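Before I ask anything, let me first share the structure, which is written out below as structure tokens.
Should a chain be cited, it is by its letter among A, B, C and D, assigned in written order, with residues numbered from 1 in that chain.
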Amino acid sequence: MLKSLFIALAQRGLQAFFVAVIVGVVSFAMMQALPGDAAFRIAAGRYGYDMMDAAAAEAVRLELGLNRPFLVQLRDWLWTLAQFDLGESFVYGGPVSQKIATQLGFSLLLAAGAVITSLLFALPIGIAAGLSPGGVIDRISLAVSILLRAIPAFALGIVLVLIFSVQLKLFPVAGFRGFSYLILPSLTLGLGLAAVSNRVVRDAVVEAMSTEWRLFARTKGLSANVTMRRHVLRNASLPVVTYVGVQMAYLVEGVVIVETVFAWPGIGHALVHAIFARDIAMVQGTALTLGLIYVVLNLVIDITCRGIDPRSQMT
Amino acid sequence: MAARLLSGAQLSLSLAVLSILTAGIPGTLLGILAAWFGGLTDRILTSFADAVLALPGLLLVLMLAAISPGSWWALYAGISLTLWVEYFRYTRQRARITLSEPAIEASRLLGLPWHLIVLRHLAPEIGPGLLTVAAFGAATAVTAVAALGFVSVGVRPPTAEWGVMMTELLPYWREAPFLILQPIICLVVTVLSLHLSVGGLRKP
Amino acid sequence: MIVIQVKALYVFAENNCLLGPISFEIQSGGVLIVMGETGAGKSLIIQAILGTLPEPLCAEGEIFVNGRRIDDLAHAERTNLWGREIACLPQEPWCALNPLMASWRQVAETYRYVANRASRAARSETEKRFLALGLNSAEPRLPGQLSGGMAQRVAFAAATAGQAPILLADEPTKGLDSDRQARVLNLFEHERSIGGALLTVTHDASVAKALDGDIIVLRQGQVVERGQTENVLVNPKADYTKSLLAADPAAWPKAPTVEHGEILLIAENIAVGRGSQILVDEFSLTLHAGERVAICGPSGIGKSTLLDTFAGSIKPIRGYIKRAEELELYSVQKLYQDPPTAFPKYISLGRNLRDVANLHRVPWERVLAYLDALSLHQNLLQRRADEVSGGELQRLSIARALTINPKVLLADEPTSRLDPITQKDTLDLIARISSTESIAVVLVTHSTEIAKKWTDNIVDLAN
Amino acid sequence: MYIYSRAVYFVIALFFSTIAIAEARKSVTIAAPWEVASYDPAVSGFAIQKLQIMENLVDADESGKLRPGLATSWRVSDDALTWTFELRDGVTFHDGTPFSADAAILALNRAWQQPGVLAKAPITGIVKVDNAVVFTLDKRFSALPAILAHATTIVPALSAFDAEGNPSALIGTGPFQVTEFTPPQSIELVRNDGYWGDAPLIEAASYLAAGRAETRALLAESGDADMVFTLDPSGFSRLADIDSVQTVAVPIPRVVTLKVNSGHPFFNAPRARQALSLAIDRDGIATAITRFPEAAAGQLFPPALNAWHDTSLPPLVHDMEAAKALLTDLGWAPGPDGILERDGERFSILLRTFPDRPELPLIAAVLQNSWREIGIELEISVANYSEIPAGHQDGTLHVALYARNYGLTPDPIGTVFQDFGVGGGDWGAMGWENAEVAQALGSIAATGDAKARTEDIAKVARVLHEELPLIPIVWYQHTVSIASGLKGVIIDPLQRSYNLSKVSWDE
């Protein structure tokens, strides 16, 4: 049992390692591939167009050692990464890790808000639809889901802001200064997640409802409610939880876009901004963090699934 | 306006179609390869795919977009590099199931060569699902291009692209709401029809 | 006292009559056996009594339980009878048990929620029951970790914990070897002795023999014959009943032994298994042309793995297999348990046979001749595997193998999915071909009964 | 249905807005596009200064006139090479530590060693003498006090640096102190009750960076932000129709200009550059793209720079025929496809610009069309703005379109000197030198004499107007929305301060 847990950990560990290598190499490639002179690019990001000039670029070149040979730069780059050192922000100075630490909390808050929102929608609707497949709820939720799934997060965000902030003035437009700021971004992301996950819940319930063990639980005398609680929901939760793992990818992507729309002080916004500013150390740091968070969250999902599914503990 | 919408459609769809080809062909082949040989080949390919998967699609596209801001090929390369994993995972999983069926062992015992096994067993098994993956992949590509355009890291104005147009037209939403609705509707309808063409939300 | 009474029961699928009319009654302590092939409509009776007929099907007729009419009750009232008045033993116990729940919990919850015991009492009742059924080691196990017989008993315990006076059992011995069959039948005897009424549905004549009571023989939804078991089984009137009884392995004539030819294959002290796990160790076998060998043993013991090793699909972990020189690459062929899985799903059977014939440069006429010899109609070739019956498909796979002149035929439970009559025909055919074509056949089966009737050369892996 | 939704709306609105209303009148929220991600004055100084968190030795009013800041007075030695700034006594930082010459020296030395305005001044040393800061120069430099009003020369407390000497906190002497900093999005401020000058009227303020123009417009419209800076043209006109906000457009000394490589054979004649200028429809651009028709740039220096804006200069005009004539004079003749040719060379050039200011690519597209009419083929490269100084350095640049701010410091001489002095500048003239201008700029930089300075400035403005090393296109307007009820708002054209300390709410 411990062995299988160890294997799961090792697999995720390997995944994390590959993530780090890919991000590290792509980041370094970005550094080299930036058209024109990297020093000019970075100086532009750092000082803005009013203050940036050739002299500033020279200062940056010296500071970051961009005048060293290519291979020396690559070696040093990977070596610092191997020491879990994300380096210093090219543009803002100061350790990247410190910047990410403050922003990560906000992103996790938003992600948690989104997942909770999505579950609030997906669970009741999915279960109701799954209990009467082909029924009214099922068909309406299918239509709405397909439509919602086709609306990209940012477009949904705009629509929600126009309705709830500008017209109804219920929630603030952007930024973060308290709970009410969390609602619209969470809703934007959460609706997108719920659009698919309510169908996953529904399918899982339909499948569990049509199994022989569900029927046997009924014919041996359990009431519909007890069967639902003890058998159907528990077994149906397995594919649902697994699917939440798949959704993490959508969530991380969504965070990048939604944070930008809502001026949310999180890591996705920082990534977009770093890309604008050619702050490659920040790009590397944020991309790495997002990738590793995805791995960690999936590890949590793995462990949760093991908790729900005793079979995995036996092999 | 109509011309810009059309040219946006052309951009998005040609990008989607191209990325289906460049992501789909290697992804499918690698998936079959991993399932066929199993063992070390499978493990290396799967680990690599897992790592790419852990970098949520948009991230890789964003990073490549950063190398060459506003350029078309960076978007294209990023999307292809991300999407192949879907094909790979799908093909590998289905091929593993199919290849473990007695029919394959029977075919081997009967001496049928590999290309007949691929042609008679794998292709009809994988084919229809592959279409679904491709349609979803194309929808992902179209959405990604628009999303990046919208946050101004994708295609740059004045190129006509739906996401870029949304950014351009958003300020006029109150004076002329139908303007901003046009690119949104185009995008939604495209994604919707891609999804519906392969049966709604049923992911393979 | 009549516990359950069924009057003029019909089951319709839209306008098609699938079953009926059928009427019967069972006394307290009585048994009714409904016997017939797969597809005869046996299970429909059970579903009609329970009220679980799937969607387009509907039942007509009257059903009484303890004198109370139940077929016109509302769904909720009907389901209230489940577990309390009528217990149902499912056909596939593995599928009927929740794969994620420990065995004892699935029994305890019946005590808890159906018999309304306190949870502690439910637990101790469960323990007692498991002990009585010889299941004490199975308590914490998941269904996936139970053997077929254990799963059957756990399902039995779960179904009967509500102490319903009526037990409906759908193919209760399917897939069980004779020892385990006997244990299940013992349980039924016990139920009867405490006043329960039993309705069981089976294709297996041995079950009917063991349970003495009333019997109804069913064919395509129609009652062919009915009466007391001793009368019907000993002295069947209808032809159909006769052939059904003749298909029972116990009633098979012994297949003639044939002389062995030259040595084809020698396995010496091989150990086989999947991965690094050894299933069968120190196994030796010498196979001659025209020889019939049966390998039997309970499921999971490594019969199929052994066969795969002979086929060359996996390598023995230890030891070696020596092939005779004249044994060509394609001289070893296999027959599969589930015939449809042995053919390509998406292309016609003809296409598949043509591929094989082209590859081995076999004239198409010869393929057709084999089909003829196995009484397979040519128009089957236009269909796909899922459009042909299992028996035909199994014969087709034999024909496919024969076209390339095999010397060894490995048959992995080739008839376990076939109904008894087809099963007998198919095994007869294999035996006949073995002797006429001088082909060595290794048959894997879980039924020692079949093995004994089919050959003298039996390897029982259980011992 | 309608009543129902109104009722729900009412209940929810009640729940979320009561607290907000109770607090609203004591604080002000500002939204602007600029993100603040660093504690370093070299990077984030512009925001720290605008929010009045830290202060400079020298302050300036809205007209650019210098006034005492943390320095009470300054004087220059007779040889004009030593400047002494006397520091204000009794000033404390937000954390209670006293403001001292040490803090000022540290801040100024950092600013001097980093790229920025101070690094470009002819400084040889910055030292402390008693409670004064003394600059030694190797050249006369009259703009030094103006430079000390620049955002990168603000003074943080010594405690605002960590052990390695990197900035790690926002501690200054200004009227507002930071309670919470969430980089890069927001800064929360409260009134500094121990401020040495006039204490602010409001108790608290917050700053929100919102990069997207439409988000800012929505913030203004929904009332989430009381002052919103830099609105896009359509947002601006929409907000103008809303009662709850007022809109203001203030001309600022930022100019959209076209940098022309005067060393390039196509452009080395002033007449060539004049032809380019004549073919630009400034009124059209100002009306259609930036939406302030009065902002068509008749000359380089905008009215906001009143000392440099010369009303006597004839405005640059739009005259396609004249442009064609000038090019014909220079020996250009239309080729078969209508593009001009001379000695077998096509008049085909590349314009570099960048997307960070969304109007630039649009203006570039207009230029492409206009110049096509006079036979010039223009290719547009929209890329990173560092391409422009890079192209200047390696000489590959043809023309570049960007926005130049001549109001970085209250006295634009530093910027103008850099752009048009000897050798030109990365963001100024390229391949163009004019002895008269260089000499005039040198003397403006060196002397403080008002009369000579005015004459020199007029000379520079006139030469630049005739020679057009940079072709101005439109002047910028600073667009702001202000919640009605907010009093005392002063919009600083030099963009040095939001003047939050002067605003208050109507009772």
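Criterion: contacts are C-beta pairs under 8 Å (C-beta built on N, C-alpha and C of every residue); 3 or more make two chains touch, one makes a residue touch a chain.
These numbers come from a predicted model, not from an experiment.
Any chain touching subunit B that also touches subunit D appears here: A. In this assembly, the chain whose C-alpha centre lies farthest from subunit D is C.
When each chain is reduced to the mean of its CA atoms, the one lying nearest the mean of all protein CA atoms is A.
Note on chain placement: the centre of subunit A and the centre of subunit B lie 19 Å apart, centres being C-alpha means. Inter-chain centre distance (subunit A to subunit D, centres taken as mean C-alpha positions): 37 Å.
Each chain gets a centre from the mean of its Cα atoms; for subunit A and subunit C, those two points are 49 Å apart. Distance between subunit C and subunit D, defined via averaged C-alpha coordinates, is recorded as 86 Å. Among the residues of subunit C, none is found touching two or more other chains.
Residues of subunit D in contact with at least two other chains: 212, 383-384. Shared contact sites, meaning residues of subunit B that touch two or more other chains, fall at 69, 152, 170, 173. Every pair of chains meeting the touch criterion is listed here: A-B, A-C, A-D, B-C, B-D.
Subunit A contributes residues 11, 14-16, 18-19, 21-23, 26-27, 29-30, 33-35, 142, 145-147, 149-155, 158, 162, 195-196, 199, 248-250, 252-253, 256-257, 260-261, 271-272, 275-276, 278, 280, 283, 287, 290-292, 294-295, 298 to its touches with subunit B in the complex. Those residues of subunit D that touch subunit A in the shared complex are 9, 12-13, 16-17, 35, 37-40, 42-44, 46, 114-117, 119-120, 152, 166-168, 182-186, 188, 206, 208-212, 215, 218-219, 221-224, 354, 356, 383-387, 389-390, 392-393, 402-405, 408, 425-427. Those residues of subunit B whose C-beta lies close enough to touch subunit A in the complex are 47-48, 50-60, 62-69, 139, 143, 146-147, 150-153, 163, 166, 170, 173, 180, 184, 187-189, 191-192, 195-196, 200-201, 203. Interface residues of subunit B facing subunit C in the complex, by the touch rule stated above, are 101-103, 105-113, 116, 120-121, 124-125. On the side of subunit C, the complex with subunit B involves touching residues 308, 311, 313, 329-330, 332-334, 336-338, 341-347, 351-352, 355-356, 359-360, 397, 400-401, 404.
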